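For reference, chains read A, B, C, D, E and F in written order, and residue numbers begin at 1 within each chain.
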């Protein structure tokens, strides 16, 4: 095991996803610990720690990709929390999903919005802002 | 036809995608002019003109969604040009695609990078920056 | 807001999806009211109101696209109800899904059929007809 | 081999896709003849020959599913020809693709429209009709 | 109905998927019995009975395809059971999913692993082996 | 840079994909060298070097995942070559694709078969075997 990459990735994961990310890694310990290790080492240790984009940009890209892929509601929930954790506002998350409509159609955007609604309610967030 | 939305959308399309976007609309005139009209009115007149995200953020979301969807190389080419037009650097476009690796896997990222390579070469851009 | 398109779309949405569609729009009011507005104005006001296909054909296309996309069970439930509302029989809905087998494979067809089964049971419909 | 299903399927394939379908089957003879046989026996012998939907409805479902799946331009070309062969007008094919916009977004619709444009030009068809 | 193919397919289905597969077929009887028949005749009677790959290889391919498609958790559950039934070990199933990471990204692999975790727990299986 | 993982990955990539893989990495040098590095380090250094599955099994999984994803013809070409390089016969590659029909439908299988046909012809391979 590559201790340095792992430790760096673990700190980055905690910074972004907090408990949500750590719970995913913990839930893999008894079935696929290496999958958890690769998420920590590669996704968070290698990719999220790169220069060139800040964490708000990286989470905006991540939630866009998860919305577009479809069927990733569990990961969307973790990363909508992650987006809020790194400072993207609730209304900007909603706006990110609205920007996807022309490219993905309405159903995937609806699916993502309903995950966001659940997360925002759990965190006691009211939505406001650029809605016209 | 909704003249005001159309004219506003047309200006926004020209601002972002330049000739590339206009060529798409023109190529639809003899087969599906209403499809071109909806792209102008809805995608560019309604969505891209919204507050809450700037054009660089909107294009970052767009190229992420197109990469993730797959099979949209023609639209990626238009919007990689669009991303450059609104001020995203070539190296930041590459970095956007690299951020997608953990969520989409390598093949879709490779497809998008080779479209970007073609666009960058056509525009005489050298890549540099956050690559380590 | 474009009142006329909105009102026309709202009537079309009510005609097709009934309570199911209105519930979706209502559930968006506190998080993304503009997403609901675009569904009404663009999807139902612009697209569903077009000539060239009748509502039965449009719903047949819609449930085919939702089945093929995958991961859109909530929207399939609304539009299987919509298909019944505009006069497509239960057995013709099943037949539409069977036609998709060669193009999508069995798993997506199974997912759609189990949504249809739930809808048909809620509406007290027995299936019969072209099954051999 | 199941001669009756094969012969029935072959006639149905010829009725719908004409040369385009037969060329696909022929091109499989030296690499995967059984794949060709299953297309004939199962897709055309079993599915397309069913009651409950007419061939125009079946081809409308097929081109919708191929558009939504993405990356199936070769098959779309065969089945846009097939749709024309069984009596769907060019403008109704375009209208079918326009109905998909709210569910798939614009890029997949654009890809399908450009395949249709190629087919219509090869067949010398002018488009007209429900475009506003 | 093609009695021989059906009976052969039914035996193959029972051999692989056991109760899980038979429950799926039974659940289709009142809504789409022909869909069940095609699964038995075509998928299991025609495809799974072919030479050239053994059943362990066929189930490895099947669970890989279901993971990659996304949104097929119900079918993954049936076929993870099927994979175990034909002699693939729990740790080899996990390893199959790990091999998919570079091609599908982490989210789809996580979805599949959590289905496997449920199946392994229901069958009282402990995981061990090639995890480092 | 992690020299040991890189060198190990490079040897594994050469073993499997030969020139095809090296050409992909080389073509990334001027635009996204880190993408090439991650493919070498993570996909080949970390994943392909694992125990628990042999290289023939790993390539069977890879070509199945690429077929199912769709739109990955360039990567399929590299990995069909890779599958042949590690000892999977041409007819077994074809059989792998045939096993996918019930799960992905015919169009994606056709796309993959035509890539295989190109590869087999370039390598002067005749197909034979389990086709009936």
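Couple of notes before you dig in:
FYI, a contact is a pair of C-beta atoms (placed from the backbone, for glycine too) under 8 Å apart; a residue touches a chain by one contact, two chains touch by 3 or more.
As the structure is a prediction and not an experimental result, all values here were calculated from the model.
Common neighbours of chain E and chain F under the contact rule above are A, B, C, D.
Seen from the C-alpha centroid of chain F, the farthest chain centroid is that of C. Different-residue interface: chain A and chain E share under half of the residue numbers found at their contact. Using mean Cα coordinates as chain centres, the one most removed from chain D is A. Chain centres here are Cα averages; for chain B and chain E they lie 39 Å apart.
Centres computed as Cα averages put chain B at a distance of 30 Å from chain D.
Chain C and chain D have Cα centroids lying 23 Å from one another. For chain D, residues touching at least two other chains, in rising order: 34, 38-39, 42-43, 50, 66, 69-71, 75, 98, 101-107, 132. Only residues 39, 42-43, 47, 50-53, 57-58, 60-62, 64-69, 75, 91-92, 95-96, 98-104, 129-130, 132 of chain C touch chain D when the two sit together in their complex. The part of chain C that touches chain B in the complex is made up of residues 2, 5, 34, 38, 42, 46, 50.
Within the complex, the chain A residues that touch chain D are 101-107.
Across the complex, chain C is touched by residues 1, 24, 27-28, 30-35, 38-39, 43, 66, 69-72, 74-75 of chain E. Partner chain D is touched in their complex by these residues of chain F: 70-71, 94, 97-98, 101, 105-111, 113-114, 116-117, 120, 127, 131-132.
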